[in-house]
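Each structure below is given as structure tokens.
The two complexes that follow have chain A in common; it is paired with chain B in the first and with chain C in the second.
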Partner chain A sequence: MREYRWFDVPVNRKILVAYLVLAGLYAISALISPSFRTFVNFKHLLLQTTPLIIVGVAQSLVMLSGGVDLSVGAIMSLANVVAVQSWKGMGNIGFIYLFLIPLGLGALAGGINGLLIGKRNLPPIIVTLATSSIFWGFALLLMPTPGGSMPPSLALILAGGSLVPTIIFCSLVFLVTFFLQFTEAGRGIYVVGSGEEVARLLGINIIRVKVYTYALAGLITSLAGIFMAARMFSGDPMVGQPYVLDSMAVAVIGGTSVNGGEGGVLGVIGAAFIFNLLNNILNMLGVSTFYQFVAKGIIVIAAVAITQGSSLIKDQNKTLS
Partner chain B sequence: MPLLQMLSITKNFPGLRALDQVDFSCEAGEIHCLVGENGAGKSTLMKIITGVYQPDGGEIWLRGEKVKIRGPVEARRLGIGIVFQEMSLVPSLSVMENIFVGIYPKAKMKLLDWQEMRKKTESILHEMGLSVDPRCLVQDLPLAERQIIEISKILAQGARLIILDEPTAALSHREVEKLFEIIKKLKSQGKAVIFISHRLKEILEIADLITVLKDGKKVGTLSKDEATEEKLIQMMVGRQFSDLFPPRYSGGCPEEVVLKVENLSVGNSVHDVSFSVEKNKILGIGGLEGQGQSDLLRALFGIEKIKNGKVILEGKEIFVRSPEEAKRNGIAMVPEDRQREGVFLLRSVRENLTIATLEQRQTLSIINIKEENKELQEIVKELNIKVVNSDQEVSSLSGGNLQKVIIGRWLIAKPKVFILLEPTRGVDVATKSQIYFLLRRLANEGVAIIMYSSDMMELIGLCDQVLIMYEGRVVALLEGEQINEESIMSAAVGRER
Partner chain C sequence: MLKKRFYPFLLFLLVILLLAAELLSPGFVRPRHLGVVLRQAAFLGFVGVGQTLVILSGGIDLSVGSLVTAGNIFTCELLGRNPDLSPPLVLIPLLVMGVLIGMINGLGITMLHIPPLIMTFAMGSIVDGMTLIYCGGSAAGYATPPIQYLGSKLLFGVIPVNFLLWMVLLGGSTFLLNRTTFGRKLFAVGTNEIAAYVSGVNVKKVKIYTYGLSGLCAIFAGMILAGYTQTGFLGIGNEYTLSSIAATVIGGTAITGGRGGEIGTAIGALILIIIQSILTVLRIPESGRKIVEGLVILLLINAYFERGKK
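On to the complex of A and B.
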């Protein structure tokens, strides 16, 4: 049995599942609801899904290394509030600060996560849960209530239409996939995620891998924070809250195994859209939010069962007969 | 000039001298086997060569130069590669990636060149005689192939001294032959191979030189021509081969039948099998591998489903549909795959020993610790299980001791029928003997023992009756004098007597 390959480059087969389901759902919703077929709805869906895709990519990276990042919501919020404040009074150069400072902060925050997890060998769940508190504390400190603003022209460019966000998340997924498949550093994440003991025997510096994995995740997450600032045209310290669990679901549905070492980010786009599409359809049909939550949960369980179920069969030694 | 020379190596651990002035050398193009009981020092010596441990005394010379091997990475750089029993492959990655981890072929700008990786892997695998797609995931491959990939990996990393630690422990005869072909090829390429094993027959087949360690000291080195199984055992254990086995049943007249199996069929692998086990006797099941022996025994314990037939225990027909029911009927089983099916690796020795009989020591669901301690002490002493204390992790035990824990667990349950699958696989000679004596004692106490073994000498030495299976059917039932190599072999390959 081989995994699907594109010119010998490893490509995970499970992402096909995500996109097939997505296509199916899209077709169904287009048939069911006339208001769904409008461009306005499409644009709205796209803008809503963009941050989820970005955070999903970050979470996938972390999961590939065998860990999990519960602080994505906090980093996103921190980046968000910093973005709306950092450009004030800086004139034209402010645009650069608006990007560089939150991104740098995100990378730093992630780096701290990676260092604690890698050097001290602490369980990622506990560490990121704790840092989540810390980072959120800082976010609330900087901005206790929603406020601030963004240069209007920039906000319009980033989140006004549907083209720019699409370029953003597509190039993100492309770049990260490229990193994961074509660089030694990227493959290192898979090796560490697949078996730390083995990785150590092979002479791989596990601490270094974890630090750059979580730092990269933090960097990407802050991009989502900046995007949300553009979209909402203001800062909100709680902006990242719904994204923590959702990012994990999206990573898993997108084909990444929770145990690490398997998967990728190519399926994240499809997974995120499935997620939000469901909400979208149910809204169109006038279904109450309660049922939306229930549906979401069921979808996640189903997706995990499908994508993770096959790995149970593989763990058997066969002998040549 | 020898490739590797280890002179007067000494290694101490708290309370134990693991190696005492051991000399060991190996030439290029030589296949050198290392044998000895568990605890004799074989793995310690290998860990020193691979840089995991540092010797307390002695020198290591490599290709005529004195070296200090400070760690596994340095060992690898010096051209020393080792393949352990626990594989060091990454299961979710492809074959080619596993071989080239850390030494990826790169294209411009330091980007991985997957095509080149695949091509190189193809040629390496071709040389090994393995026709596997390099893009295949390692987790989808059987154990024997994974082993060959591990060897390929260390070769790709430039190993000239290849150490194999118990490589044949879990392989079938055909797979072993294939491995030997590869080893011979390595020899012809001028590489040196060090081979650690308990399987003396195989060692005699493949080795150029055999070194025997005992209690941390080197007993001697025999060449291919000098070595015989008898000599090796004597060097390893200090006893004769014939002493390894307890005397067989000497009763003469047939005893009362404890377990009777009539026309049993299991799935597609066992057809219409009938036999009976008499009290005080040990029944062995033999034949070529994969002829239905394991499935037959697993069905008796309720793991596999019985399609047809009857099982009669002490005169009454029983239905064993699950291990729980088996246990309730007094049937115990020691499984084939020790590590995966036999023990709870992360739990303590105590927990592993007592798990089968917890309900015997409970009042109102609370376990009586004093009673448990007493039982534990008794069984550890009886079986001579080498433990520091009963709360240590069971994963720290050697193969032989682990097996004793598994056997011990069921002994406490005092079964009527004791089923064992490959009970001494991967166990050192001295412990094997202990287990044989133990089984005989159990038989004398009235337990019906059925064991499946692929080791012919074991069946001959220990069993009172031997059943040979071929393609799921019983082709021969041998007793007493009839149990010898010739009749077992001819029955095993299907020739009816």
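On to the complex of A and C.
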């Protein structure tokens, strides 16, 4: 295997398109709405987008390996509920457990997904659909209705300002990019995603790759659960529900191929902001939430069509040349 | 993965479940109660028919749940506002709407190259929004007697009318799959899209029609469901998205497309509904129900794949 250097980081066309679309949307939003330009609104947008970026990174990892994770919503909810409950259970000494238990559980849940998918060679869609039902069951078992509380000081540090969330998601994206580009384990995900037959011939342990990919995704997803607990000051067993499909859309808009092996997590930040920016601007313009459902659907279709379209042109050029 | 003795295996599973249900709650297999269970299963059955077609073609349809809700709400609103109009006049445009929405899914997937998971999910969001805009956020209206007859009547106190409708739909779709060129093309597309294209199959057309049929089945399910619920319920269709996929897969249809059939899905729907009603009878809370359902799906597909590996 040849050495990978920093300039090999794939800033492909799809990622550029995502950020260009974001810049365009941002400019238009800033022009048409004065309240959009305020710092308060920017902070709000940032806080709203942080969990989506985190889950989007997790989903991108899984998609890169050629799979898909429909259980991210359930894992996020489980982590959210567990974080709140372990704070309640441990009291003041439990600061550290508030992180360790949900993160551990998230990694375990993802690892179970990976084992079932890798070792038993079951289709990811069905496995994660079924495990998502199970994880959601456990979340509901722990906390049937929204409630509980978080240590206020921690919540303020994590989700009170705009600096800490930015640091969280930026460092996450760069860490994962580093992992994907420069470590053998990270390259393994790309190889498995490009084609399992090739990976097998290269002597890669596919089962191991799948287990750590899904486990890592679970770990990252539970981070979003903890963040939501801090932002809401409480737990909610249904908090992850919208993130299942939003995360897939964000991963694809961010330049990761649903067929695996192509893409990365650098585009996720842009994609997630595109996603929430439009909601934000619709709110600013006073559009009813009913219309926002319609708008969200159209936005996802348009954004994915644009990014997919750009890859199509590339492919055509390839065949022409 | 589908072996010769697969359907007997599924039926055997069904019988075991019924026996277990009878043991856990005596009276479960009374004809009348079975009729009630069949009536419940038929709604999932309708959706499953469409979902199976889509999965056989190599795709997946996540918009069915929203379409079921839309069918439910629109039927009640439209009938409640125009009780004097004859139901077909009100309902046929709705069915057309379902087909069109499904075909838009197909168009997005084939023309804009949007992955089916994302296209149909986004369409689900759009349909949800349209339903909410139409009913203004709260469901109103009611189902008139003809629709109630279709949705909840038990003939002779035993056979649900909607079960008969289900059988008609099942027969029709099985005929479509096995006895028409469209059906054979659909299998070809699901097995290997490129091979189908090279053999002269109009892949895009097949896919667009398939999603259209799925939209039709889903909105039809919602309409008949309105006869059962009597009034509209927002979000009533949500569970059908995942349940229909689960029923299809439990029924032995490969999630990658090309292999499987409608009969398996019908039995899969029955299995799911019987498990659900056992859990309800046992007064298991929602958390427990979700855990059991997930475990059942995992156990079943695990068993299938082991059988297939051999």
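Heads up, the rule we're going with is that the second predicted complex is superposed on the first by the 292 of 321 C-alpha atoms of A that agree within 3 Å, B and C clash if a C-alpha of one lies under 4 Å from a C-alpha of the other, contacts with A are read in each partner's own complex, and residues count from 1 in each chain.
FYI, contacts are C-beta pairs under 8 Å (C-beta built on N, C-alpha and C of every residue); 3 or more make two chains touch, one makes a residue touch a chain.
Keep in mind the model is a prediction, meaning the values are calculated, not measured.
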- [ ] Identify the partner contact of A:54: answer first if only chain B is touched, second if only chain C is, both if each is, neither if none is.
- [x] neither
- [ ] Go through the superposed model and pick first if A:293 touches only chain B, second if only chain C, both, or neither.
- [x] second
TODO: Check whether A:191 is in contact with chain B, with chain C, with both or with neither, and answer first, second, both or neither.
DONE: first
Open item on the list: Quick check on the superposed pair: does A:226 touch chain B, chain C, both, or neither? Answer first, second, both or neither.
Closed with: neither
- [ ] Tell me which partner A:22 touches in the superposition: chain B (first), chain C (second), both or neither.
- [x] neither
TODO: Using the touch definition from the top, say if A:215 reaches chain B (first), chain C (second), both or neither.
DONE: neither
- [ ] Check whether chain B or chain C contacts more residues of chain A in the superposed model.
- [x] C
TODO: Applying the touch criterion given at the start, work out whether A:201 contacts chain B, chain C, both or neither, answering first, second, both or neither.
DONE: first
TODO: Could you say whether A:159 touches chain B, chain C, both of them, or neither, answering first, second, both or neither?
DONE: neither
TODO: Would you tell me the residues on chain A in contact with chain B in one complex that are also in contact with chain C in the other?
DONE: none
Task: Footprint of chain A on chain B - complex, ascending - done: 72-73, 76, 88-94, 97, 101-102, 104, 106, 110-112, 114-115, 117-118, 133, 135-137, 139-145, 170-172, 174-175, 290, 337
TODO: Under the touch definition given earlier, write down the residues of chain C that touch chain A in their complex.
DONE: 60, 62, 108, 112-115, 117-119, 121-130, 132-133, 137, 242, 245-246, 249, 255-256, 285-295, 297-298, 301-302, 305, 309
Open item on the list: Which residues of chain A touch chain B once you look at their complex with the stated criterion?
Closed with: 1-3, 5, 7-10, 181-184, 187, 190-191, 194-195, 198-199, 201-204, 257, 261-262, 314-315, 317-321
TODO: Using the touch definition up top, name the residues of chain A that touch chain C in the complex.
DONE: 68, 116, 120-123, 125-127, 129-134, 136-141, 144, 245, 248-249, 252, 258, 288-298, 300-301, 304-305, 308-309, 312
